[in-house]
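Shared chain: chain A. Partners: chain B in the first complex, chain C in the second.
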Partner chain A sequence: MISEEFEFRAPTKLAEALSLLERYGDDAKILAGGMSLVPMMTLGLVRPKTVISFNHITDLNFVIDAKDVIRIGAMTRHDTVAHHDLIKKHLPLLATAAVGIGDVQVRHRGTIGGSLAHADPAADYPPVMLVAGAQFRIQSAKGDRMVKAAEFFTGLMQTAVGAGEVLSEIHVPKLPAGAGSAYLRLHRVEGSFPIVNAAAVIEKGFKSARVAIGGVGESAVMIDVTKHLSKGVSDQSLRAISDAAYDASGDAYGDLNGDTEYRRAMARVYAQRVIKAAAAQIR
Partner chain B sequence: MKTPVEVTVNKKKYKVEVDTRMILADMLREELRLTGTHIGCGTGNCGACTVVLNGETVKSCCIIAADANGQEITTIEGLSSSATELHPIQQAFVENQGLQCGYCTPGMVLSTLQLLKDNPNPTEDEIRHGISGNLCRCTGYQFIVQSIQDAAKRLSNGGQPGASQ
Partner chain C sequence: MKYIGKEIVGLPTRQLVAGKGQYVSDVILDGMLHMAIVRSPYAHARIKSIDTKPAEAVPGVVYVITGKEVIENMRPIMEAYDTAAMDAKSVKCYALCPERVRYVGEAVAAVVAEDKYTARLAADLVEVDYEELPVVFDAEEAMKPGAPLVEPDWDSNVMVTRDFIRGDLDKAFAEADGTFSGTINTQRYTGAAIEPRGYVATYDPYQDMLTMWASTQNPHPMRVFLAETLGIPETSIRVIQPHVGGGFGLKIPTFQEEPLIAYLARKLARPIKWIEERQENLLVGGHARQNRLHYDVAYKKDGSVIGFRAKVIADVGAPAALCGWGQSFVTSYCIPTCYKIPNCRVQLFTVVTNKCPWNAYRGYGKEAASFLMDRVMDGVAKATGVDRAEVRLKNFIQPEEFPYSQVSGAMIDSGNYPKALNRVLEMVGYKDFPKLQADARKQGRCIGLGIGQELTPEGCSMPKSTLLSGYDGCTVRVNPSGQVTVLTGVTSPGSGNETGIAQIVADTLGVDVKLIRVIQGDTDTCPYGLGNYSSRSIIMGGAAAQVAGTDIREKMFKVAAKMLEVAPADIDSEDGKIYVKGAPSRYVLFKDVASTVYRDCYGKFASDVEPGLEATRYFRHPNVYHQPEVDGRFSSYPSWPNGVSACVVEVDPETGIVKLLRYCAVHDAGVLINPLLAQANLHGGIIQGLGGAMFENLVYDEAGQLKTASFLDYTIPTAVDCPSLEVEHQETRSPFNPLGCKGVGESGVTAPLGAICSAVENALGHLKLNFDEMPLTPDRVWQEIRHAQQQA
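On to the complex of A and B.
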């Protein structure tokens, strides 16, 4: 039972939801899968005056092939992201990230939009969004804009989504032909959040290479490692990438799962491992 | 504040007015008196509140009751038609000592139902992944894993104990 009173709304159309969001502004909270919001309300950590459920709006639940990008509706559940053929084919690292989120029940209910909007610093999706160069569609009653992944995550559990706005779609470019990609996570037990996670995309012929690391700052950090890999993967290039990962994780926080130095050391390890894994996928 | 909710639970239609602050697990237990759904943590971690929502297992402590309006739910009470005739999964848990205090059991049984629907012949590793959203503080899991292995055999054998294939 939640202790604080709130008003509950369950629109069935996006337009209706947007006008409710406009009317209630900061007093309203969007309810997606509820896997983060409902426990926070039960614990009294979040006390919205109005809760607007998006669970009855069916047109935000889709995965579409749109030429160069895969369009994913914000209400698409983690389980669908994990097993959808289009995602497995064009963005295997995204499917890998989704399949490791929480547990079966969490994946059945939690949504990709909810996770991205929640912006936990060690969530599974953000490093993937950064290396894949995703764009986020943000809508309100008055506007409709696209924001790049690098500008979407603005701080600790903060995003570019403002009052009255909703993250409605995620557009993820298909990996370039022949590119290698990988996603890895370090976690204590099955079902727990990553302590540190990492994603990488390397273009065929090492034309470009990016790695992003989560759990080592207020939000995931991305490093362009193209110059280190100009001659391919070697002990020397991996050492340079490891140093770059250490430097990029200077804002790492400490908690029960690992202190700052541990996270920075793991940033080194996971940056190297994810690059090796991605390079092995180049074809 | 009250909200009207219409749900189908275990194939039966219910029309109730619930306190908007109720989570689905509260509604099932307190309004519908289906107390087989347990609440362990109330924060999405233990899986004791697992129910089947529109064909997929979910944690009913993370769903606002009013949000279940119009949906179809199966709880542990919906698995067998009588107290004397258990579902093969329940029978397998009983015969393999897959429970001690029983608090986690409704959730474990429903996660098993989901697992065996998706994967009728799981490996031990797949079983452990399948129940990773359900915590048990009594059994040490080994007898639960054995119960699920036995349940898989029973289900592929028309509900009867015995070897599969």
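On to the complex of A and C.
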């Protein structure tokens, strides 16, 4: 139960929201889908004085084809990400990631912006953002900047979004023609967070290959595996990739779903599997 | 029989599916206040002082109460399971702890406020000064000399023991072809009902009447407990059970919040509501299951078990007034379940620790006994090379050997275990499975088949007990216009027994089931009865309904016989007609007979029967016996439903993920009144069992804090995670129950434990794994695999 009173604001324009944020500073929390914020408030983990709902800001809810990139508004719901034709066509791995988030209710409420800003270490989106080379538009009353995925996730549930700032849109480059991609997650039951997840993009002809793994550190880790795949997929290359994944997950945490050792072992398994799956998609 | 045995959709289904059920949360009264509980943050501590002032200062707060006021005004909470009758140690537990808390979450104070948010906010401001005391969290640690005592007045943490012996164990172990030993750990888990606990209490000082709406399974016993604990007459209390969103045993009284809210409503003379939050429910809503089971087996080369020793160590958490600890007794009572072992010893140690007290949970200890025996039978198969099914068939009590007395004295009524096992093996394709498995292996897939046997005695009836004494009552009332009102002492937590009871009465009277309205769960209108537990609602409540219905039928037949000018023995009834046997065109309408009794009691047809058409009758089960002082016999469970499951899993050896591919079950609960609802119970039970086998776990840290107090960490499976379940029923009538029923409410929950373990081991046969601990989460399965690979 949320027992403390808080002020509730529901602006309809982003500009209005940004000026509210500037005014309230750290005392305010943005409410997007509320699928992480509300449980945190219920458990008393965060106690904002003001909650600023973004749910009435219609111009943050869009998926647009912008030449080389797909622009996705921060308030786009997981369900839209999962089923949008543009995303399915140009970023199938992103659609796959969204389909597996939580359950039907969570997917209809939760937003891509909220999930990325929340930056759970095992969330579904971050590995996809890393391998796809996404850029994040961060706005405040004073500024408007773009941040690369690699610089966006800065630590455990921490991002480049600073005080008074919001994540307003995500620009995800379309996959290069013929590239193969895949997204996989390891979980207990339907509706539960991944224990470990992995995304990969391999360019046609193995010109470049990246794999990113979540659930094995404070934030998802990305590995450039181009050199391992210069001669294509083989037992040997997969072994090298799996070793690289193991090395990259040295900071893996342990919890009730798996200790450090298990997560690192799963980093190996999922790195291999996601590369194999992505390679099979190369056209 | 027009209705008994038919699949009829549950009577309240439409209302519930429409979202129009009335739960405690839907009870909203004028001027209603809300209660919030202050809970102990420590696993064991002395309460040095409590400062309620900061809470009282919050606007909207009406009252703050602590244990001091409670002990001055209330008695200790009356025990739901009488410890003295079971030679167990007891404690005085109060609605709020006066001086010492013994587990995290135990209630120490409460705030009543105008709204629930204010109540919660103010409760968080109550300042309690604690002095931490030594703690003990592991049952075997708690048994060691010098261990911290959960109850300083006790000489040890062992609450009760039992020791059942039959035959000559030394001889059996000496004569065996082989022996082995092992230890099994069943984890702590709970039922996670969709609706947590909740109560609304209101008091009318002019009538001196306390009315309590409770999400409970047992309104009448709750009234007794409240009366005793509050020291007020039973007649000044009315308990009403609205719809209940799942009970599973966990909504059996006696929780601290029950007398607490009742006391506060009387004191403040205003309605008060308390609806438990999910975190509270996982923290203090009753835990169950945590056992360590040590065993030694002596077997012959042919797979027969000739000697068996089991030591049950049950970690029941802190002692409380709840009936949960009794589960440990039932575990020891059931071993060695379906098997005939000539030399057998079962020891029980029920041990208290600084964790949440047990409350009853579907299975009530039977699941641990069956799981143990499944592991033992699989162990014998591995040791001898005799097939797993063969080992079971060899050791079963045979159909002609019933009633069979187990080592504990338990009298198993009837059954046909070999038939059920053979059928489930057929369903799952046991014979051909090795080929399927080999083919899968060639494709790099590890599939495995497992068998799980379950024996779930039902109708628990204990001596000297308010809650468990083992009978029930029913009123059948035919109204002047011919419709029928049935009032029962049993209640439904959503499982559908009201529908079964309507079917029984409809057949007894020969009327359309639609003419019957069943009323349950109100101490002012329903006959005294014990409510819902131990699958008793049909075997006790249904039987009582049949007895009461038969009284009315006989009375109406007497009148009808006169109207038809034949002897009562020559008539029968069906479809609302009372007719002459062999000449169905000669009939009177059921409703006309009712009308005659009500409207013409001095007339020529009804003048020799008593006016009115109402009978209240009680049913006592023939297979219960409570007079050991007379002939040494003691039988507390009258009926013994049983079942067997076979499942197929696929294990991903790289990740440890276990995927359930098929689940087949054959279940024998005797006669089924409503196979549809029996099936629904089986489905729910099996999925709960799968939860225990694969996911659910209440984990405490070293400080006694529950790490799994939300559904983020407490994993339960849903329909999406289960394949379509294949369930068949076998009918071995109960020789004692007049309906032939054995009870189905706890069925299905047990066999998945053994079946899943067995299947995972079978899938990874090459690694020779041994699962002796649940749940089989991916990380655990992976660890076992890796461990085995490293050994190899």
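Definition applied: the second predicted complex is superposed on the first by the 282 of 283 C-alpha atoms of A that agree within 3 Å, B and C clash if a C-alpha of one lies under 4 Å from a C-alpha of the other, contacts with A are read in each partner's own complex, and residues count from 1 in each chain.
Just so we're on the same page, contacts are C-beta pairs under 8 Å (C-beta built on N, C-alpha and C of every residue); 3 or more make two chains touch, one makes a residue touch a chain.
Since the model is a prediction, treat every value here as computed from it, not as a measurement.
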item	value
Touched partner set for A:E190, first chain B, second chain C, both or neither	both
First, second, both or neither for A:M1, with chain B first and chain C second	both
Broader residue contact with chain A after superposition on the shared chain, chain B or chain C	B
First, second, both or neither for A:L43, with chain B first and chain C second	both
Contacts of A:R109 with chain B and chain C, given as first, second, both or neither	first
Which superposed partner A:D259 touches (first chain B, second chain C, both, neither)	second
Partner chain in contact with A:E203 - chain B first, chain C second, else both or neither	neither
Touching partner for A:V269 - first (chain B), second (chain C), both, neither	second
Partner chain(s) touched by A:S53 [first = chain B, second = chain C, both, neither]	first
Contacts of A:A10 with chain B and chain C, given as first, second, both or neither	first
Residues on chain A lying within both footprints (that of chain B and that of chain C)	1-5, 39, 43, 190-191
Residues of chain A that touch chain C when the two form their complex	1-5, 39, 43, 186, 188-193, 195, 256-259, 262, 265-266, 269
Of all residues in chain B, those that touch chain A in their complex	1, 3, 19-23, 26, 42-44, 47, 50, 53, 56-59, 61-64, 66-67, 69-70, 111, 114-115, 128-130, 132-134
Residues of chain C defined as touching chain A within the complex	116-118, 120-121, 124, 277, 279, 654-657, 695, 697, 699, 707-708, 710, 712-713, 715-718, 720-721, 777-779, 782-783, 786
Chain B contact footprint on chain A (complex, rising order)	1-8, 10, 31, 33-35, 38-39, 42-43, 51, 53, 55-56, 79, 102-106, 108-109, 190-191
